[in-house]
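You will see chain A twice below: alongside chain B first, and alongside chain C after that.
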Partner chain A sequence: MTEPLLRIDQLRVRFDTPEGVVHAVNDVSFQVGAGETLAIVGESGCGKSVTALSILRLLPSPPARLAGGSIRFQGQELTSLGETALRQLRGDRIGMVFQEPMTSLNPVLTIGRRLTEGLRRHHGLSRRAARERVLALLERVQIPDPSRRLDQYPHELSGGMRQRVMIAIAVACAPSLLIADEPTTALDVTIQAQVLDLIGELCEAMGTAVILVTHDLGVVGDVADRVVVMYAGRVVEDAAVDDLFSRPLHPYTQGLFAARPNLTPTVAGQRARLTEIPGMVPSLRAGVTGCAFAPRCRAATAQCRAQTPLLRPFDSSGHAVACHHAGGDA
Partner chain B sequence: MLGYVLRRLVATIPVVIVVAVVVFLLARLAGDPASVIAGENATAEQIAQIRNRLGLDQPLLVQFARWSWSIAHGDLGVSIFTNTPVAQLIVQRIGPTFSLAVVTIVLAILLGIPSGVLAAVFVRRVPDRVIMMLAVAGFSIPIFVLAYLLILGFAISWPILPVQGYTPLARGVLPWLGNLILPGLALALVYAALIARTTRAALLDVLAEDYIRTARAKGLLPREVVWLHALKAASVPIATVIGIGIALLVGGAVVIETVFAIPGLGRLTVDAIARRDFPVIQGVILLFSGIYVLINLLIDLSYTWLDPRVRFT
Partner chain C sequence: MLQDAPSPAETVLDVAGLAKSFTVARSWLGRGRKSLRAVDGVDFSIRRGETLSLVGESGSGKSTLARLCLKLIEPTAGRIQLFGRSIESLPPRAMRPLRRNLQMVFQDPFASLNPRLTVGQILGEPIRNFRIAPEADIAARVEALLARVGLPADVVSRRAHEFSGGQRQRIGIARALAPEPQLIVLDEPVSALDVSVQAQVLNLLGDLQAQAGYAYLFVSHDLAVVRHISHRVAVMYLGRIVEIGPVERLFSAPRHPYTEALLAAVPDPATRHRAGTRRRGTGLRGEIPSPIDPPSGCAFRTRCPLATERCARERPALMAGKDGHAVACHVRQD
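Presenting the complex of A and B:
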């Protein structure tokens, strides 16, 4: 079996806060193949963004701390990589798109400045050559009148336009992997689809793999190849997108589908009424014993409360789930 | 933009009028110049004569009207002590003060901004603690104490710089600078402390912003992130505090020019107050307030250049 583009193994991230250690990411493992689109799904605070940010070591440290695990990218271990070597990957082989296009662009620098910077740093292009490349790039992300936009500042652009610029920055050096951290969350619903399509098109054309962090299952169904579902800092389910949608195994995943409005019911007895998952996300301050979802799970047993279920393959298709009762007696 | 500048300039007129009234009354509060001019053994008759010659026996309102009338015609009056026109006195003395101000501001910026950046980058670690401790010291030590300490250190114990005096720029940059470094440093440390604290605070805010993470995600060097992306975004409060520093410089200049025997406007003011030479007091303070208003306008205009989101219409 060949080495995947990115392989994360048993990743642990801790936050050292005055109130105690927060176990933000616990033994998270997944892989992304070249050109593949992986979606990481979960609700706020489940560790999906922390996982994404820790790949390029972009979390503020302190308080964040890598407490274990391995991140291998193109066969290279990133967790032990020096800051200089890592910096050469950032923006060149791995691009990032962030959630808030309003705050993720420096308000006092022009669009052109930001776009050309990465190219000039990583590919040593001259100011003029970089400008040429960037003009073509802005056209590709469908920004009208690109030469005028280059000299404009972020506040002169609309939200959707800014996110297009963010995408242009991220893909400027044609990366092998694009990490998009909730790229559409802050956008208008009408623009969300356009932006996602854009990411999809660009990455397909360049053969770029995508990690899409989102809490929107609708988005996942449209663009992802594989899906990783996270809950309370752990991966609870990992499956190909069709497989997950047709046969969600973890009670949490099932709950997520049930909580979607206007969807064909996947849980028995589902009506037009919106179902929510009862209870609250557990605090990650203390290490959780047993299944973190057990307090909210209708099928929870004594075993669930005592023993943390590990992610295990469910069938040969690569569908994996972390539940003691998945498929069988759940 | 031009309209904005014009409107701001027009808006300074009431400010100048208020300042003129206050200055006029303050100068009167200093006491009767006639008795100073007449000397200690003068008779009441002699004093009354001088008062009459200076127009001091007129009602205050009449005195003020006369003074404003001449100011409106560009005439600042004549020193009642030396009989030199006030405008001429100011022109003679403005060079040293201007030089001192320039050297002070440059030193304050060169010391303040890098220390502030360093403190922000190493926040809550040793460099930050040391710089912030020095900043508190810079605030707390009176200017004249610092001035004498500097003289003791660099002009007496280790005599590499002159103790006091002033050499015009026309006689060479090095002698000019040599005479201004110690007074400039003594004056600059307070402002450097102020600038360092502001730079640190502004930069800490900016470094926590999402766009700094974006810049890092692009693979930029830490120094590019801090000095280009972050410092530019943090520049508005820093510019404000530098501007305030320039305006506050006037008070410090009075002390420093006395300690270092620099023949500038500060000394002129102190001497004029001692002699109750009110045309000079009025003229100099009016000039200072004009400069103050102008600098404030310049700072506001600099915002448009520093932050593209600011537009004046």
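Presenting the complex of A and C:
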């Protein structure tokens, strides 16, 4: 078997806080193939961002601590890589886009300065050449009137425009992997559609793989090839997008689909009650014994409360699930 | 759950020609003052037991309209009738006793609940202020309110920060119910909640309405949520209603090109699953223009695939069609 672009194995991240240790990411494993779009979904606090940020070691440490596992990118182990080598990867072979571009764009630098800086650092371009490249980039992310934007500050742009600039920065060096953490969550639905299309088109053209962190199953269905569903710091299901949508196996994944109101209700004209997932997500302050979803799960048994289910292949299509009762006696 | 249209006698709120302008600095250097029409001539009514939702992109004026209806801000023009009584020019003193009928639930339950107060104090205050019940009965009232929103009675002595987002939103809803209002304005009440908790709160709102006949003015940018909770929907663009109608009609047969574009932009797991295809390129070009210098004629024409020369000249009026479905579009209303 050939090595995937990115392979994460048994990743474990802890936060050491005055109130105790937060078990934010627990034995997370998944892979991303070249050119593939992988979505990580799950509710607030389930460890999506911590997982994504761990890849490039972008978490503040302390309090964050890598407590185990391996991250291999293009055959290279990242967890033991030196700071300088890691910085070379950032913005060159791996690009990043975050939810709120305002906080990741330096407010006192013009858009032009911010963009040319990276190009000159990574590629040693002259000021003139970098400016030319940047104009081309802004055009590529479909920013109207790009030469005027170069002299503007981040706050003078709309949220959608700022996100386009972030995307321009992230893809400037044609990375092999783009990590996008809720890139459209703060945007209106029409602008969200534009930005997702833009990411899709650019990455397709460059053969860039994408890790898309989102809590929106609709977005997942639109853009992902594969999906990893997280709950309480663990991967509970991993599947090709069509498999996940046609046959969600984990009770939590099923619950997510059922709880969400649809634009096109299955029974026309009737507004049924939504299916609630009772209770709420557990605190990650203490390690959880058994399945973390058991207290909210209708199918939970004594086994679920005693023994943590491991992520295991369910069928030969690569659909994996972490549930003692998946597919059968649930 | 969809009821027949109630008689006009059951109209709770009726607004006509409602408008609000803000004076803003033209540029961030502060040179020159300009007027920004956040709400620009809006008509609608809400009946008892009915949910009217306001949708539209950020900056379209949804929150401003909601705050106008509550008289939290003064209208620049227009009429607001509560149970047939004009309240737009009532002074605060005369407004006070009417306020108990108009309550509000906010997006961020955290920010809207005083962290120093216990849940008992938060819920007791409106009961006392509006003299809903004698002092001796307040504790029992609070307990009953908590039961209605599905919280155990022993939370009365706890403070807001001790609760999860969903629980805090239940407290926010209980506070709105405390003075036994007729109309509850909910501004993005589930936007900050995870889907599993969102379902709990949406079900609760539906149950409460079925029990007590509250009228809801529901502000949201989430069209799937809107489809679920509403009886009627108003689509706003740059301060105006461009389409309004019964929820089923508006979603299954939208008439305004903006409504069509909004619906097309929503990534919907259900449609995707059935069609098995990806949405691509059905979205809207460009962004919402500045409300300081809105386009002439129809404000949507700069992004509209159907725009004609007439659309730049003439502003389309919201024309009522059949079944209370109205649209403001030259191309689509002829």
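By our rule, the second predicted complex is superposed on the first by the 320 of 330 C-alpha atoms of A that agree within 3 Å, B and C clash if a C-alpha of one lies under 4 Å from a C-alpha of the other, contacts with A are read in each partner's own complex, and residues count from 1 in each chain.
In this text, contacts are C-beta pairs under 8 Å (C-beta built on N, C-alpha and C of every residue); 3 or more make two chains touch, one makes a residue touch a chain.
Predicted model, so just to flag it, every value in this text is computed and none were measured.
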Which partner does A:Gln88 contact after superposing on A: first (chain B), second (chain C), both, neither?
first
Identify the partner contact of A:Ala259: answer first if only chain B is touched, second if only chain C is, both if each is, neither if none is.
second
State whether A:Asp216 touches chain B only (first), chain C only (second), both chains, or neither.
second
Would you check which partner chain A:Asp27 touches, where first means chain B only, second means chain C only, and both and neither mean what they say?
neither
If we overlay the two complexes on their shared chain A, which of chain B and chain C does A:Met280 touch? Say first, second, both or neither.
second
State whether A:Gln192 touches chain B only (first), chain C only (second), both chains, or neither.
second
In the complex, go through chain C and note every residue touching chain A.
1-2, 28, 57-58, 164-167, 194-200, 202-203, 206, 221, 223-225, 227-229, 248, 251-252, 261-273, 276, 278-288
Chain C touches which residues of chain A in the complex?
43-44, 144, 156, 158-161, 188-194, 196-197, 200, 215-223, 242, 245-246, 255-257, 259-266, 268-271, 273-278, 280-281
Help me check something: in the complex, which residues belonging to chain B touch chain A?
209-221, 224, 228-229, 232-233, 235, 306-309
Which stretch or stretches of chain A touch chain B in the complex?
56, 58, 87-92, 95-96, 98-100, 103-109, 114, 117-118, 121-122, 153, 155, 166, 169-170
